[in-house]
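We just call them A, B, C and D in the order they show up, numbering each chain from 1.
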Amino acid sequence: MTWTWFHRLASPPYLYRTAGRLTPWFAWPAALLIVAGLIGGLWLAPPDFQQGDAYRIIYVHAPSAWLSLMMYGVMGIAGGIGLIWRMKAAHAVAASAAPIGASFALVTLVTGSLWGKPMWGTYWAWDPRLTSELFLFLLYLGYMGLRAAFEDLQRADRASAVLAVVGLVDVPIVHYSVVWWNSLHQGALVFTGRRAMPPSMLIPLMVMFLGFTLYSVAVLCMRLRAEVLNRERTARWVREEVAA
Amino acid sequence: MSEATLEGEKIHLWRGERHVLRGVTFRVTGGECLQLTGPNGSGKTSLLRTVCGLSYPEAGAIHWRGKDVRRDLPAFHAEMAYLGHEPPLKMELTARENLAYWIGVRRRMTRAEVDQTLERVGGERWSDRPVHTLSAGQKRRVALAGLLLMNVPLWLLDEPTTNLDVDGQRLVGTLLEEHLAGGGLAVTAVHHALLMSERGLRPLELGFA
Amino acid sequence: MPEVGAWSAPLPAAAPERAGAPSALGVARLMLERDLRLAFRKASQLIQPLAFFVIVTTLFPLAVTPSLAELRRIAPGVVWAAALLSSLLALEFLFRDDAQDGTLEQFALSGRALTGLLVAKTAAHWLLTGLPLALMAPVAGAALGVPEAAMPGILASVALGTVTLSLIGAVGAALTMGLRRSGALLSLLTLPLVIPVLIFGARATQLAIKGESYSAPLMLLAALAVLATTLAPLAATAAVRINLE
Amino acid sequence: MMKFLWMGGYYPFVWPSYAVTFAVIGLNIYWAKRLLARARRAAQRRVEIQLEMQEEAT
């Protein structure tokens, strides 16, 4: 196994150009998949026999929740790599991932409570998954707040990376403690979606998951390019890049 | 190779968008004092902080006794003393208590040793007063006592004479001379010339970044 | 004057415990003693978290109801939320003062393991806030109609829970030690991370009040404390080094 | 079509959910594009300033 790709990714101009070249390869399939998932989820999939058409919120709610988690993972792992190998490119990845993840954590909360209203009769019912999502959102806010509080970029990178790594260890603990807490206070307000889904419902969901994932990579690539450009303003390759 | 030498090799340091240290190279051996000169903002403090391992240079390395200090920072730290702009003292504690904790984590000291050192820096009368009641010059003298008590070969001093009267400045000069005469090394950042003999002094002028 | 002259002789290679150097345990004890002594010289900072805890817990009878039966029901939440906030209050100063006057830098450059020094400082923080809070919690509980039989449970759970709070809080304090107004940010960083402590701690308190066995949540609190003890000091060390850079 | 929009009576919950999600999807693209454009402009301005300084020097 060669590590050259790893070292090459650490080089800002290579990263900038690769991210630029990859963006359309993620963006267009993502657009197609999301449109297909929309048609499948809103039109082709039959209504749920318990929840009626309200369950269709899952096609945006669940992929958003997945993105918010995935982006946290990207942030934590990139932060860890940046701390251990002092790799600046990794910090740029972490910095780019945070706002994307935070925005989808917020989407998850909003769509979750919009789903909750018809199901539970209330917008907020301390469902364990939504509750942990709320803490995930707060962690994102803390991460971005910490990053913004430093004037020195290097210090911001490294300090927020420590927080991201600590969060990476803590998020599962928070989640399971919330689940445990919820099981004690029997509200019976858990989502009723633990039954096996029929393929007509499941396939659009899978398509949406894939579409959202590719989309997030595309947006990450775009943000990453901006981040790299801002960090490397004085470098010669940037001069050549913008002059061209 | 174990001779007491300190070498800096093409040290580059960036602070944000500023390229503060541009390939600084130096070498000091026992009995020598490297004097860093240059205008404000030329990187004297940055260089001292990089040498003692607080700042991480983008490129270049620091060698102590021929080995890269990054390979074993604790061992390097055990042999060096760094004094920054401000004396590192707790205001609520007395001079004696400050030394007991500050130096105490490094080595055990006898009471006589501490007394002797405090006397050396002219602090026998106020060593049991809380530091916040001391003048700036007296605080600086407590820091000098700490420097002596660390009993290490390498001194890194950032403006060691700040706030000191002429007597105090002479004291710093004498202490440095003795340190060098005993085979010690020093790197000092200075604005005003130190009151000491020129023997062993090696200037290093840092330019503007 | 210390005798000089033989500096060029090689020292025993990289031994942190050289001749004349105190042991690692001795260093930790020295650090603990220093922080305790400093705290007692600044008594107001010592009393503040405790006074805050008392005020917050007395707000509830005034705001909700003076009925002890009803207060007993919300007592676990009140005690734990108040303990969490009081513990946070003192955190801001855990590293800040030492960072500002340069003493932390000297400890980081002392050649001794910084992690050990930070653990000692965190232990001092727990002794100065966690332990007093644990002792005060049963008193506050009594004012909230908690039966006497529940007192050992409350004491044990708060004592154990605040260990984790101090350790995770130390990471947050180390991350924000160089920032000017960090109080709100520190809470935002720390609170989401310590949710499990709140959940298990409140559960133990609740079971104790009901007179049931609270050993399960207490075990979970202990597990959290063990995990935090092994991991948090490493993160705090990294954070301190970053902020000293 | 009306039946589709009606969503079995759940239209006040389903459509806002989709609206919020796709608004954020769009906003993320917009923000990223704006960020990149700004970064490029800032870099270009630097190049221009440098060129001017070179011209003045000669």
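The rule is simple: a residue touches a chain if its C-beta (ideal position, glycine included) is under 8 Å from a C-beta of that chain, and two chains touch if they have at least 3 such contacts.
Note that the structure is a prediction, hence the values are computed from the model and not measured.
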Partition of the remaining chains by touching, absent chain B: one piece
Central chain (by mean CA position): C
Chain of greatest Cα-centre distance to chain D: B
Of A-D and A-C, whichever chain pair has more C-beta contact pairs: A-D
Interchain centroid distance [CA atoms averaged], chain A/chain D, Å: 17
Centroid spacing, where centroids are CA-atom means, of chain C and chain D in whole angstrom: 44
Gap in Å, rounded to a whole number, between the CA centres of chain C and chain A: 33
Distance from the mean Cα position of chain D to that of chain B, given in whole angstrom: 52
Residue numbers of chain C (touch at least two other chains): 245
Overlap residues in chain A, where contacts from two or more other chains coincide: 154, 233-234
Listing of all chain pairs that touch each other, if any do: A-B, A-C, A-D, B-C
Interface residues, chain A side, partner chain D - complex: 34, 42-43, 47, 52-54, 56-57, 60-61, 64, 99-100, 103-104, 106-107, 110-111, 114-115, 117-118, 215, 219, 222-223, 225-227, 229-230, 233-234, 238-239, 241-243
Chain B contact footprint on chain A (complex, rising order): 86, 151-154, 233-234
Chain C-touching residues of chain A, taken from the complex the two chains share: 83, 135-136, 138-139, 141-142, 145-146, 149-150, 154-155, 158-159, 162-163, 165-167, 169-170, 173-174, 177-178, 180-181, 184
Residues of chain D that touch chain A when the two form their complex: 4, 7-10, 13-14, 16-18, 20-22, 24-25, 27-29, 31-33, 35-36, 38-40, 42-44, 46-47, 50
Residues of chain C defined as touching chain B within the complex: 1-11, 13-16, 18, 20-22, 27, 30-31, 33-34, 37-38, 41-42, 101-103, 105-113, 117, 244-245
